[in-house]
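The structure under discussion appears below in the form of structure tokens.
Naming follows writing order (A, B, C, D and E), and every chain is counted from residue 1.
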Amino acid sequence: MNLPYLDPSLLAPPTTQTPIFHVSRVSKTYETASGTTLALTGIDLDIPPGSFVSIVGASGCGKSTLLKILAGLEDATEGVVLREGRELDGPSRDVSIGFQEHVLFPWLTIEQNVMLPTEIYGMPAEASRQRVQELLRMSGLADFARRKPAELSGGMKMRAALCRALSTDPRVLLLDEPFGALDALTREELSLELLRMWEKARKTALLITHDIDEAVLLSDTVVVMSPRPGRIVEIIPIDLPRPRNEETAALPRFTQLTQHIRKLIFSPRKEAA
Amino acid sequence: MKKSTLHPAVVRTGLTALSVVAMLAVWELAVRSLQLPQWILPSPASIVQVANEWRQDLLVHSWVTLYETLVGFAAAVALALPLAMLIAFTPLLKHTIYPALLVLQSVPKVAIAPLITLWAGFGVLPKIIVVFLVCFFPIIVSATAGLESASRGRMDLMRSLRASRWQTFWRLRLPQAMPQIMVGCKVGITFAVIGAVIGEFVGSEQGLGFLILTATAQSNTPLAFSALVALTVISIVLYYLVERAEKLLVRWSD
Amino acid sequence: ADLTLVTDFGVNGRHAYFFVAQEKGYYRDAGLNVTIVRGQGSADAIKKVAAGSAQVGFADAASLVLARANDEVPVKLLSIVYQQPPQAIFALESSGIRSARDLVGRKVADTASSAVPLLFGAYAQKAGIAKEQVSWMVADGASLPAVLATGRADAIGQFTVGEALLQKAVAPQKLVRLAYKDVGLSYYGNGLIASESMIKQQPEVLKSFVAATLRGMQEAFRDPAGAGQILNAAQKQVDAAVAEAETKAVAELAQNPEGPMGGISVTGMRNTVDTVAGAFTLKRKVTPEEMFVPGFTPR
Amino acid sequence: MKKSTLHPAVVRTGLTALSVVAMLAVWELAVRSLQLPQWILPSPASIVQVANEWRQDLLVHSWVTLYETLVGFAAAVALALPLAMLIAFTPLLKHTIYPALLVLQSVPKVAIAPLITLWAGFGVLPKIIVVFLVCFFPIIVSATAGLESASRGRMDLMRSLRASRWQTFWRLRLPQAMPQIMVGCKVGITFAVIGAVIGEFVGSEQGLGFLILTATAQSNTPLAFSALVALTVISIVLYYLVERAEKLLVRWSD
Amino acid sequence: MNLPYLDPSLLAPPTTQTPIFHVSRVSKTYETASGTTLALTGIDLDIPPGSFVSIVGASGCGKSTLLKILAGLEDATEGVVLREGRELDGPSRDVSIGFQEHVLFPWLTIEQNVMLPTEIYGMPAEASRQRVQELLRMSGLADFARRKPAELSGGMKMRAALCRALSTDPRVLLLDEPFGALDALTREELSLELLRMWEKARKTALLITHDIDEAVLLSDTVVVMSPRPGRIVEIIPIDLPRPRNEETAALPRFTQLTQHIRKLIFSPRKEAA
């Protein structure tokens, strides 16, 4: 812990619970016809149950790759990934994913797209419909429930994809830049909404984001990654009190943390240049 | 929206009708100016006249051919889709099923017609089999290509949901493949009509193929051509019905 | 009994007598319920009869020799309708072909299933030309009149009974006919066939079928015009006048100088087998006796 | 990668070969156990034997048929693509061109044999025409569907660049349509082989169709089947060649 | 001008040049099978030549729609759009567009994708290749020039699309959230790069962005739009001195402006809630 400005008493006590994800010495190399790319190398990470972890890092550093490995959609080239103590063997229904690209099906309406996971899981239709209606209302898409994705703006599609990821009320949530295409206001509204939902239910959440304020505001832990090939530069526990809200961002500790992270991200490359 | 006040569907139908009329006019003129004897190419006028005399029979025979076409085509669709599904489920299967399909496809149906009659006798069954054999291949090749084409991202979504193969099929692969399946059906339906006629050539007492053969054998060329015209009409109508079905089934764009 | 009769090729004027027997009730009187279906050439008809798709058929004796010799098809003749060779080569007058000798160096077209090219070797021998000097092309039956009229081939093969139709198609040009029987060839043409198992199991049914068919032939030959009308009524696309003309031509071919109408003799059959054997290399030697079952026609 | 150390292409070829062998075995067994007479279905063994005796002729006839197939197929591709392009350029044209194509497609080629012989005589030309007519339709329907399917976003990009129709065709529509065009070609090539045989049925002095017809007429069923087998081999080989071409031309995924 | 805190002397003098775009009383209604959407209404806007204009506004408020109308890709349902004084009739080669969704062709390599406009315009190949190489280097994609889009991360695809929009050195640049999927550092680097390029050449630029700081830092004018149906709430001239750079963000005027805009965006909806 080389963070002298951290008050150690605020740190969560070391958990004895089995982590939801245990990642150890993971690296990932993509091999294609046009060449190989080392995307991740030497990743060690534990995500305890009920924690909210954010990943920040340069574009192309392997954040999405890491998320896909945790989701069971990509295999790590090297290393070990355990999910609740057992070797990961593919995706699980407990884990819900919000993809970086929205992946809405153009032949389904927004509502049908959002309901898709609940239908595949065979969840009771009426209850799911109500939950979905609530999610759509929350994300300002209630008027567009019957529209096809092609009739939505970029940000609206992202919101619909987020609703879909939340529709099954999953134990574990993996979100890849869910607020990337959103304006400042909508982004803030939705991220606070997500924060409220999470603080109520204490599911496990992993969020990839480019917004450092957002990462600090929402998370228990922020993982900072280096540019490609992705390594973990630092794992920063966020010792801000909960529940958090808009006001949390006004705390001096908040500014301290965000500036520390900003420095981590900005300095190495600046020095190199 | 801008210039024309006509509904586009009206424009399209009009154009189709116009081009058919134009073809007929060229044909009539060609026959008259080249003075082609009627047993080589009868003029549209003479065909219409004969068709009118024979309209009762033409209707009956057309009905038989239409029936064989539709049943055979329906059977082909009903079998091609599950098989294409199977191939989409286990891609390696493709390399065992396709050779067999290629064998079936590459044998000229006329050449194995005797075999077909031996097994299926006379009646409509052998024709339906020929229709089936003729239009099965285009449908399954298109359907397989469509079902295989699900993009990486979409497949990842379904995998992340641990959707079963069935669910992936019904909710992703099939809707996504629909446009290509319909292309296969459009090609298939036109071959189906020909297949019915080939089946009738092989052995039959009714149907447009029967009429064409017997009329030709009697050098009643205008009658043979009126049967050909009936066939073409059936083919065009069925094609546009499939296209209509496509419009209803595929109402989205990427 | 129910019987399906498969013709040699299509349903044409030359088949009128089957319909006479049908319409006048001769089959019914014999206790038969006959369905007439079109064939796709003699080889096809023979197979259909062998396979039981049809119980009786009308096919060329030479084709049957080949079928028995090469493919061991278990089918026999019951009766011969065309006692004379029906095969002929037709050319247009304008082609300058007048006799067999003029065929040398020419192209002749016919359907693949036709017996005209099959037996051309025998014809060439009798006519004193080398069969290799005439080249044969396969053409679809429907296109033959066009092939002839447009000069794509110098001549085409056709049964003599088809002359009326052919003349109608190529009018106003005139036809020249080189019939195989005119050079002194003598072998059997088409006859009634049945499978060996059918012959063994239901000889009585077959016998009454042959008798009723012969009765139809007699009636048709007596009144060709009437036969034409009957066929036209049953098969609308066949012109009554053409059917009448073809029936007359059939009557000519059906003349049996050595016996009753429809009869088969070992000598006649031997001529046929020898003619075929002379034109082809057969996988197996065929005896005249195995080709037919005696006793199905009036002696 | 995980279990098998074999290259996937080897596995696929192996499976294909295996299934062909399996089919032959079933066939041989069926013929033997059912004691099917050879005039119904000759056994593979007897076909091989006859094929060996006739190998010289089979080669010559196969070559003729192959030649007709390839030329006709090439012509169909060469004409279908520009026409599909034209349709993609001016969508209304579709409604004047397609009816004509449907007429051509729906007429059984055997039925217009007199017309074909009238215009093209014997020789290879009429067969090439039939091959062309038979495989043109599946290719153009697939190609048109592919060329029409450019997504809104991509078209907007090309429009924003004021790309000419040609540029849009070459840089967007054609590459995007390539997978579908190849589906059309795969269906087309198999029909092309049949087309060549049908063309030979109409009138010919050589080719596998000629061989099938004459062998059948002379009741040499094993020879007819060995010609059918040659045909099937040609068909399968050509199909897989087109598939190989597809692999080379379509090296991207969405 | 109801901005009492603005120093009028800092405002640019009213230009007499014909504006690059003159938009007057424009509204846009989308009509689809599933309903009509009023996307824009009563839009009045002038974009003078050589100016840098940013548009900010809530997700789904019609920003992309407005950009597509200016680009000649969508027709306005009502109103007038003039381009340099003449009625707009479709896209123009002077105007380059960076789309919100990257629209890279999967069958082309990154380099080929970026070169596409120069090839379509028939620009000299060697010069374009050099420019493109430079752009790729600048955006950190030099190593990926020969790769296909499917091998890139989300942010890398966005950067490639930006390079493509810049490849022809257009007179007018319309950019729809070009930095949306980028991390803070890359975003800052690239936007400063864009600023430098613009200040050198003084082309006309229209930028849609969700980042208010970015909008203020780069622009001469920021257009704030209301939520759907999109109206213009305020057109704010940015009276910060040029050339601008990282330090500009430290000026008190900068904070004043960004906070004014933030208030404009955040208050109406907050009040409604």
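Quick note on the criterion: a contact is a pair of C-beta atoms (placed from the backbone, for glycine too) under 8 Å apart; a residue touches a chain by one contact, two chains touch by 3 or more.
As the structure is a prediction and not an experimental result, all values here were calculated from the model.
Of all chains in the assembly, those touching chain B and also chain E are A, D. Listing every chain that touches chain A and chain B alike gives an empty result. Just count the C-beta contacts per chain pair and the biggest one is B-D. Each chain gets a centre from the mean of its Cα atoms; the one farthest from the centre of chain E is C. Chain C and chain E have Cα centroids separated by 87 Å. Chain geometry summary: the mean Cα position of chain A and that of chain E are 28 Å apart.
Chain A and chain C have Cα centroids separated by 86 Å.
Chain centres here are Cα means. That of chain A falls 51 Å from that of chain D.
Among the residues of chain D, those in touch with two or more other chains are 40, 110-111, 114-115, 118, 152, 201, 216, 251, 253-254. Of all residues in chain E, those touching 2 or more other chains are 101, 148, 150, listed in ascending order. Residue positions of chain C with contacts to 2 or more other chains are 44, 47, 51, 142, 145-146, 150. Checking each pair of chains for touch leaves A-B, A-E, B-C, B-D, C-D, D-E.
Touching chain B in their complex are the following residues of chain C: 4, 9-12, 37-40, 44, 47-48, 51, 53, 141-142, 145-146, 149-150, 165, 168-169, 235-239, 242. Of all residues in chain D, only 37-40, 110-111, 113-118, 121-122, 200-205, 210, 213-214, 216-221 touch chain C in the complex they form.
In the complex of the two chains, the chain D residues touching chain B come out as 11-13, 15-16, 18-20, 22-23, 40-41, 92, 95-100, 102-103, 105-108, 110-112, 114-115, 118, 137-138, 141-142, 145, 149, 151-152, 179-180, 183, 186-187, 190-191, 193-194, 197-198, 201, 209, 212, 216, 224, 228, 231-232, 234-236, 239, 253-254.
Here chain E touches chain D in the complex through residues 68, 71-73, 90-93, 95-97, 99, 101, 103, 105-107, 116-117, 119-121, 148, 150, going by the rule given at the top. Every residue of chain B that touches chain A in the complex is listed here, in rising order: 153-154, 156-163, 167, 171-172, 175-176, 178, 250-254.
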